[in-house]
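Several structures are given next for inspection.
Next, two complexes with chain A in common: one pairs it with chain B, the other with chain C.
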Partner chain A sequence: MEYSNQRPPQNYSQMDDQKTLDLEESVSETIMRDLRMIAFKLKYVLIPKEQEDNGKELRNWDLWGPLIFCLVLAMTLSFKAESTTTSTKSDVFAIIFVLIWVGAFIVTLNAQLLGGKVSFFQSVCLLGYCVFPINIEAIIIAFFGSYLPFVVKLIPVLLCFAWSAYSSVGFMASLVPPHKKKLAVYPVFLFYLFLSWFSLIV
Partner chain B sequence: MSSNGSALKGSAPPPDLAKQVLAQKLAQQIVNQIVSDDVIDDKIEEEENQNKEPTCCQMFCAPFTLKYYQPFFNDLTTKVIAQKLWASFFPFKATFFEIQDGKADLYGPVWIYATLVFSVAAAGNISGYLATPSNIAFHYNFDFIPTASSLLFGIALLVPFAIYMVMKMLGGRHLHLSSVICIYAYAQTCIIPVCIVCSIPNPQLQWGALIYAMINSSLFLIVNYWGELEKNIQAKKHIVIWLIAGCQVVLLLLFKMYFFLYVYTNPYTGSRFDQLTKIDRIDHSFLHHQH
Partner chain C sequence: MLDNLNQDVSILQPSLQMTDSQVQNRIRQMKMEDPEEQTCYQKFCNLFTIEYYREYFDVTTELVISKVVNSFNPFSGTFFDIGGGIPELYGPFWILNTLIFTVALSVNISKYMQLQPGEHFEYQFQIVPFLAIFMYLKTLIVPMIYRVALKCVSQDRLTLLHCFTIYGYSAVVMIPVSLLNSIPNPAIQWMLLVYVLFAQTSFLTSNFNQELKYMPKEKKYMIVGLVAVVQITIMILYKFYFFSSINYQQLGLVKRKSHNHILSHILGAN
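Now for the complex of A and B:
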C-alpha cells in the first residue's frame, strides 16, 4: 500500500459531524481502516528504513496488531500439532498465547526496571508486531514442513528469528543506558527464540 | 584603574569595590548555606517520614508495585552480571559476595530460570526424539514447559526461603532473603550447559553431567556461605550443608526421572511419551469387555 506522505490513516475523527458519519459508515469501512493502520505500523516496525523519526510513531500504540498475530500464530501451530491426545492442540494454543502476552509483559517490565523510560504498552505493542516474521515462518513450515528435511527447515526459521530480533532489538537497546544494553536485549532474544523453537518443532 | 584623572581620592575606590564584592560573596554564601540547610532539613524530614510506620495497606501492597523491586536493578551493569555468572562455574573460590559488595539483584534469578525452562524443555524433547527408534512416531511433549516453569520458579522461592529460615534459626547473621534467592539462582546456572549435553540420549552421559551439575551447585553455595557457617553456626553447620546438598540432589533426580527419562518404552507403541495412550487403550478394552 502506498502512502504518499507517510502519515498514518486517521483513527479518530475530531469533528462531531464526522463522528456521526463514523457511526453511519459501513462495518467494512471501519474494519478496513483498522487493517490499514495495522499494516502501516507493521511496515514501520519491520522495515527499518521507514523509521525516519526514531520510533515516535510507536506512541500511537495499539494492541489489535499483536492480538491478531498472536492468534494467527497460536492457531497455525495448534492446527499443525499432532493430536495424540485431545489435549495437545489446546495445550499448544494455550502455551503460545500465554507465552506471547506474559513474555511481552515480563520483557517490558525488565526494560523498565533497568531504567528504560518507555510506556508499558508501547513496548508490548512493538514486541507484538515483531512476532509477524515468526508467523510467516510458522505458516511456511506448516504447509511445506513435511516435505522438507530438517536442515532446509532451519533456514527460514533462522532468517525470520533474526529479522524479528533485529527489529525489536534496535528499539529496546535505545531505551536503556549503554552499560545495560545487553541486559535489556537478552530477554528479547530469549522470547523470540522460544517462539521460533515452537514453530520449528510443531 | 586609577590612572584616569577623575577626582578619585587616593585608594578609596578599590577597597570600596573590593568590600562590596566581598560583601556580595559573603551574602551569597550565607544564602547558599541557608538554602542548603533547608534542603538538608527537608531531606531529614523526608527520611523521617519514610521511617515512620507504613500503613497496613502500604505494607501489604508494596511487593506488588514496581518501585519495590527497583533497588534490585539499580546498579546493574552487564559486566557485573557476567562476573557473577562466571563465578558460578568455579565453586572453589568464594568470591560471589565480593562482586559489587554482595548486592543482591533480581535480574539473574528471573532470566536464569527462564533460560533453564527453555533449555530443559527443549533438551528433554531432543533426547526423547533421538532415543525413539525410527519406525515409531515421536510425539513432542508440550507438558514439559508448564511443568518445568512451575518446578523451577517454585524452587526459586521455596528452597532459598527454607535455607534462609534454617540459617537464621541456627544463628546466622547478615542474611537477607533476597541475597539467598540471588545466590541460589546463580548456583543453578551450571545446569544450562548440562542440559545441552544431556540432549544426547546416552544414559551414562546424562547421569555424569547431572552429577557434575549437582556437585557444582551445592559446592558453590556451601563454599560461599562457609564464612557465615563457620562464624555463626559452628556446631550445626552440617544441617545447612545437608539441606543444600539434599535439595540439589532431589532437583536433579527430578530432572533425570521426568525430563531425561528415556528408558521406559511403551510396549504397545514403543515410544516413551505414549503413557496416556496406553492407559486409554486399557480403559477402552475394559469398557469393551463390559458391553
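Now for the complex of A and C:
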C-alpha cells in the first residue's frame, strides 16, 4: 500500500523531511528494514567474532527480535505438544511466553542488584536474541524428534544450550565487578537450561 | 563519622559488622530522617528503588559458595560466622529457583521411569506454577514464623533478614535429594525424606542454638521445637503432594498397603 504523495512545504526542517520520507515508504520496505536490523543484531550477538567493539552495538536495543523468537519458540512447542489430561497446548504457550519475559526480567534485575550498571532493556534485548539457538533446536526436535532415540535428541539440545549460554555470558560477565562474575552468570545459565529442558521434553 | 559508626556497632555486636554499602545505606537513612531534606517520593517510594535492595546483594562468589558448602554440614553451627553474619538475599533466591527447576525435572523423570511398556509419556507442566507458588510461599512465611518466635523470647540480634538467609540456605540440601527422589522406589524415597528432614532441622537448630546459647532452657527448647515441627509439616506436605501422587495413582493404586503391588509392578516391568 503506497501512501499518496504529499510534498512537504518548503519551510520544513531537515529532520521533518526525514520523518515524512519514512511515512512515505512502502510497508514492505519498512518491514525489510526492521528484519535486516534484526538479522544484523542476531549475527552480532551470536557470532562472537563479529563483536569488535565490545558490545557497544547493543546500545541500540530493540525488542522486536526477542518478541519474534519468543513467539516462534512458544508456537513451535505448543504445536508439538499434544493435549494431555494435565496440560493443554495453550498452557505450554503461556508457560513459555511468561517464562521468557519474566525470566529475562529477573536475570537483568539480578545483574543490576549485584552492582551492574547497564540499561535494563539492553540486557533483556541480549537475552532475547540469545534464545535463537533454542529456537533452532526446538524446530529440529519438533520435526525429527519422533524418529530419533532420546540420546540422539540430547546432542542438538546440549549444543544449542551451550551456544546460547556462551553468547550471553560474555556480555553479562562484563557488567559486574570481577568478584561477582559467577553470581551474575549463574542465573543466565539456569534460564537457558530451563528453556532447553522444556523444548526437549515436549 | 563512618569510623565511629562501625566502631559502635562492633562493640555492641561483635559478630555482626557492617559492609560498606550497609554503612552508606545507614548514612542515607540518617540524612533522610531529617524531615526538611525528605521529599515525598523519598518518604514512601524508597521501597521501590533498586538501591534499597542493593545492600542485600553485596556478596562475592566465594562467600556464596562457602555458605552453600557450610549448609551441607548439619552440626557445625558456624553459618552466622561466615562473612560477618551479614544477611543477604542472593543465595536464598537463586537456591529457591534452582530447587524449583530440579523438583520439576525429577517429577517428570520419575513419571518417565514408571512408564508401562505400551504407554506414552505424559509430561507434567501443570506442576511448575504450583510448585513455584508452594516454594515461594514456604520461603516467605516460615522465616516470619521464626522471627516472631525469636521476638517472643526477646532475641533481637537475628533480624527477619537473617532468618530469610538461613532458611534459604538450608534448602540447598534438597537440591541433590530431589534429583535422587526421581527413583520410583518407595523405600529410597522415604529414606531420602528422613535424611533431608534430619539435615535441614539440625542445620537450623544448631545455628539458632549458637545465637541462643545464653538463654534459659525452656525458651531455647521452645524455639528449637518450633523449628522442628514446622520443618516436619512442610516435608510431609511436599512428599505427599509431589511424589506420592505419582507413585500410586500412576500405577492405578490408591491405597497405601499396596506396597507389594508397586514393587512387583516395577520389578515386573523391568
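Assume the second predicted complex is superposed on the first by the 185 of 202 C-alpha atoms of A that agree within 3 Å, B and C clash if a C-alpha of one lies under 4 Å from a C-alpha of the other, contacts with A are read in each partner's own complex, and residues count from 1 in each chain.
FYI, a residue touches a chain if its C-beta (ideal position, glycine included) is under 8 Å from a C-beta of that chain, and two chains touch if they have at least 3 such contacts.
In this text the structure is predicted, and so the values were computed from the model without any measurement.
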Chain C versus chain B on the shared chain A, clash or fit after superposition: clash
First, second, both or neither for A:Tyr166, with chain B first and chain C second: neither
Touching partner for A:Lys180 - first (chain B), second (chain C), both, neither: both
Touching partner for A:Phe194 - first (chain B), second (chain C), both, neither: both
Partner chain in contact with A:Phe105 - chain B first, chain C second, else both or neither: neither
Which superposed partner A:Phe97 touches (first chain B, second chain C, both, neither): neither
Which of chain B and chain C A:Leu114 touches, first, second, both or neither: both
Which of chain B and chain C A:Val202 touches, first, second, both or neither: both
Single chain B stretch clashing with chain C - from 21-29, 165-173 or 273-281: 165-173
Common ground on chain A, meaning residues reached by chain C in one complex and by chain B in the other: 84-85, 91-92, 95, 109-110, 112-115, 179-183, 186-187, 190, 193-194, 197, 201-202
Residues of chain A defined as touching chain B within the complex: 81-82, 84-85, 88, 91-92, 95, 106, 109-110, 112-115, 179-183, 186-187, 190, 193-194, 197, 201-202
Chain C-touching residues of chain A, taken from the complex the two chains share: 84-87, 91-92, 95, 109-110, 112-115, 179-183, 186-187, 190, 193-194, 197, 201-202
Partner chain A, residues of chain B touching it in the complex: 66, 69-70, 72-74, 76-79, 81, 107, 110-111, 114-115, 118, 122, 125, 137, 139-140, 142-143, 145-146, 273-274, 276-277, 280
Sites on chain C touched by chain A in the complex: 50, 53-54, 57-62, 64, 90, 94, 97-98, 101, 105, 108, 122-126, 128-129
